[in-house]
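Structures given as structure tokens follow.
Each of the next two complexes has chain A plus one more chain, namely chain B in the first and chain C in the second.
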Partner chain A sequence: MTSSARRLRAIIGLSGPTALWLTVTVVLPLAAMLVFSFLTVVPVGGREAAFTLKHYTDFFTRPLYLTNAWRSVRLGLEVTFFCALIGYPAAYILAKAIKGRWREALLLLIVLPFWSNSLVRTFSWTMVLSDNGLLARTIHGILPFAPSFDLLYTYPAIVIGLVQSYLPYMILTCYISLQAIEDSLTEAAYSLGASRFDVFRRVILPLSLPGLIAGSVLTFVPVLGAFMEPRILGGQQAIMLGTLIENQFTASFNWPLGAALGFIMLAIVLLIMGLFYPVLKKHISVN
Partner chain B sequence: MSAVGISNVAKYYGKVAALDDVSMTVQDGEFFGLLGPSGGGKTTLLRAIAGFVEPDRGEITIAGKAVSNIPINKRDIGMMFQNYALFPHLTVAENIGFGLSVRHRPKAEIAERVRQLLELVRLSGFEGRKPKQMSGGQQQRIALARALSTNPKVLLLDEPLGALDKKLREEMQFELKQIQRDVGITTVFVTHDQEEALTLSDRIAIMNGGRVEQIGAPRDIYERPRTAFAASFLGTANFFEGVVSGRGDGVTRIELPDGQAIFTTDEAPAGARVTAAVRPEKLLAGPVGAQGQEGRTNTIQGRVMAEVFAGNSVTYKVDAGNKPVTVFVQNRTDERFGPDQTIALTWAPYHTILVAA
Partner chain C sequence: MNKASSALSGLYLLLILFFLYIPIIVMMIMSFNRSELYLLPFEFDLVWYQQLAQNDQLIGAARNSIVIALVNTVIATTLGTLTALCFARYEFRGKRVLQGMLVPTLTMPWLITGTAMLMFFFWSGIGRGLHSILLGHVALSLPYVVIIVGARLRSLGVSMEEAAATLGANGWQTFWRVTAPLMAPGIVAAALFAFAISFDQFVISYFLAPVGTSTLPVQIYSAIRKGFTPEINAISTIIILASMVLMIGFARFSKFGGER
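So, the complex of A and B:
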């Protein structure tokens, strides 16, 4: 057997299982959904399906979809913003100010929520946020004359629930890039006359940007399609692109529309990634 | 005026003294070496001058001004780090211009200064490179240029050549010294390498266990070490312990435990227990009974235990009365000593130096 044939066999043998796995679990289902999204009905049970662009044109012509797509993008941006606002400083303190066993313990606490079911976690929020819930009682315990409030089934409740769910991703990705910055780099900056603000803006932030971007992507993309948190915590505010898609599959049984909306969401994600690509490329090539 | 003054500086980590009552003065334009083993306190002292370490006691002055209340970024120092600490996301020009840029100097001025410094370190044309695209020696020169960029009052170097291989290190020693002379900047550097300390420094402070063992010009410390540690850390030394048994004709007689006696021009009271150091290259080895060279009144006998041939010289390990003695013999003649041969070692009294144990 020639060496090039051996090489070919090795390539096929080694990459084959992965390729097969990806084909079965990702490519085939996606392809099926792509086909469905152009059909009038799902071709099962002997129903006649015809080709149509209606689901895609509906998205751009019916305000319901456009409005909710925008609401989802806004939710994604807001949740990402708050995750970064809380997660980046937390990661900074963890990476630079806390040492040894305390750091390990805190890292463990940060990943602890991953050990519990997300549905259970989300339901727990209803008990915290409701009219007479933990949060209201605590605040009234400290400030007895504070007005009564009920966060549950509001837009902020969705944001709170989602921020809590995705914060660990943001903290961990930021932590990894922050702790990789050697102390000698910040010391060098100080020795050259940089103020604390200069050191942060010119050294720490640019060097940790890859982590911040990775955390933002890991938060934004799933939040865009989130349907569980809006449904449980959102009440009247629950309608988002994610819940609309979920409805098509579970309630209305309109798979073609659900598939079309799904691909539109994918397009939105790719579009936003494309917009950020120049920034991503510049900063990730450094490390 | 002294460029850097250290007076009675102490720093404790828990109960361990990293710096224990350290005092020294670095003169304007001097290339000053801090030499010692790891844990000797030299790096702590350098970092205290820079401002990264706050002393528990004592005072540090830079250009005559006490700096204890001045933060690092206002101390006007240039520091070169052991791993160079170049900013990986910035180009060579941006790295060198960093200090001027945070001082909000005009762009044209920064560009001109960067150009000058790159010329100084012989790396013109590398402005747009990233540090990772450069070799270790080039990175080192960029780090030096960056440390000099703001015309600091003092340049601090932490193991400046430690990360380079031997050949490059020798080249850079010469270049570093040249640049320091040309710029005329007061420089304090830390090293654990005695050869580096000897070749670079105008003066050396030998540090051990957080204390200063001796400060002086390399030659003075080498020829007249004050402590056994200084004698053995800078170069190698043979130590003889004995009791002073008298003085006459300008020499002090020291009786060794095996009954032999040696002489020194140093003075010590009779009856005192003393430690004497003798450098291996000051000893002259020869067959027993041969006439010693004039002035070499010290003679002891010993048996050759081992011989190490190093090309230009031969090192003999000699057993002189249950005491190992090292002798360097220049490879000048065909004379060689075989194993177990008893030989005579002779040297002049002023090469016997009394040191604190």
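So, the complex of A and C:
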């Protein structure tokens, strides 16, 4: 056997199974989804399917879809904003003020919840946020005359639950880029007479921006597709693009419409990914 | 940094940890509380764990979850390790295509991945069921295995293998006596990660689960939606503790936080 034939056999043997597996589970499903989104019905069981653009035109003409798509985008932006606002200072403290084993332990503590079951974590908020939950009781314990309040099944509840879910991610990506900034750079800036604010604005922030952007994109995208968190925490406030899509598959069984809405969501995702691709490339490389 | 600002920094991190852990801790405490309506004062009781032990639906779902997670770990770790080796050793046409195929499950919302799989599996006759859940879980785990094992391979370099070859080892000897032992920590870390991904996965399983059988997260979701019972606190406490133990193991093997 020639060496090039052996090489080819090795490559096929090593990566062929993965390629085959991903073809069946990722490539073909996405292709099928694209095709079905242009059909009147899913062509199974002898049903006649015809080509249609209706699902896409519906999206742009019926306010129901546009409103809910915007609600999803807004939720994504708000959750991302709060994650960055809370997470960046935490990452900064971890990278610059804490050293050694403490830093190691704190990082692990922060990331642990992110790695545990998100459904269970979301559910655990119901016990804190409901009208006789921990938060209401604590506030009434301090201020007995405070009006009763029930955060559960409101829009802020969704935001709180999702911020908790994605905050560790934001802290981690910001930490990685902040930690890579050499202390000698900031020391040089100080010795040249820069104030603390200058050093932050002109040195630290620009150098850590890639981490902040990566964290933001990697928070925004899954939040855009969230449906379980709004359902559990949001009650009547739950209707968003994600839950609308879920509905097409679990309740109203209009799969082609669900596929079209899914592709519109994917288009938003791709737009964001494309915009920030140069930054993201470093964070999600699989080579 | 002066004392006041370092105390402030510490306090800030403490508040963050409080925010991240408070709901989980409340849930764990309530799983041991006798009152069904989470009423205080707290009375220690194992009643919800006893009820859990008799809940056949949840137990069955837990068994499905564990079996799927185990099979997923074996398949994803094997295929992913082979692929990482291939990426590290060979340049070939199609490499970029395969790398591109690994990206969607990492970056798309699971809602889209899950519904796309549902449509294709249903249309092609693969159907819903535990087997299609397994197909999906492996697809989700593969990219992580490739990344984790690939990172380990890159940090090793090729000098050890070259040394072995110089000393007269053939290809298989080099692989089994040099490369494989050096890769082992990366493979163990990847396997733990793959197990956790599958065991915790809800969205994909939710769309691919047939009527009647399901995995633990799907069963928990439907219990929450129906109006839930405190047994869910008990099973959730067990799940959270199990995933955390897994992940501490992962962190040990993957040298989480970088080389020190």
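Going forward, the second predicted complex is superposed on the first by the 247 of 287 C-alpha atoms of A that agree within 3 Å, B and C clash if a C-alpha of one lies under 4 Å from a C-alpha of the other, contacts with A are read in each partner's own complex, and residues count from 1 in each chain.
Just so it is clear, a contact is a pair of C-beta atoms (placed from the backbone, for glycine too) under 8 Å apart; a residue touches a chain by one contact, two chains touch by 3 or more.
Bear in mind that the values here come from a model prediction, so they are computed numbers and not experimental data.
Of the two partner chains placed around the shared chain by superposition, neither chain B nor chain C is touched by A:Ile272. By the touch criterion defined above, A:Gly193 lies against chain B but remains apart from chain C after alignment on the C-alpha atoms of chain A. Touch criterion met: A:Ala32 reaches chain C, while chain B stays clear of it. With both structures placed on the common chain, the touch criterion links A:Leu77 to neither chain B nor chain C. Within the superposed three-chain arrangement, the count of touched residues of chain A is higher for C, of the candidates chain B and chain C.
By the touch criterion defined above, A:Leu119 reaches chain C but does not reach chain B. Once the two complexes are overlaid on the shared chain, A:Ile139 sits clear of chain B and of chain C alike. According to the touch criterion, the shared surface of chain A, contacted by chain B in one complex and chain C in the other, consists of residues 286-287.
On chain A, the positions that touch chain B within their shared complex are 182, 184-185, 187-195, 198, 202-203, 206-207, 283, 286-287. Touching chain C in their complex are the following residues of chain A: 7, 10-11, 13-15, 17-19, 21-33, 36, 42-44, 86, 89-90, 93-94, 97-98, 103-104, 106-113, 115-121, 123-125, 127-128, 132-134, 137, 164, 167-168, 171, 221-222, 224-228, 231-232, 242, 245-246, 249-250, 255, 258-259, 262, 265-266, 269, 273, 284, 286-287.
Touching chain A in their complex are the following residues of chain B: 50-52, 71-74, 76-79, 81-83, 85-89, 98-99, 102-103, 130, 146-147, 149-150, 156.
Across the complex, chain C meets chain A through its residues 1, 6, 9, 12-13, 16-17, 19-24, 26-27, 30, 37-40, 79-80, 82-83, 85-87, 89-90, 92, 94-95, 98-99, 101-113, 115-124, 126, 135-136, 138-139, 142-143, 146-147, 150, 196, 199-200, 202-203, 206-207, 217, 220-221, 224-225, 228, 232, 236, 239-240, 243-244, 247-248, 250-251, 256-257, 260.
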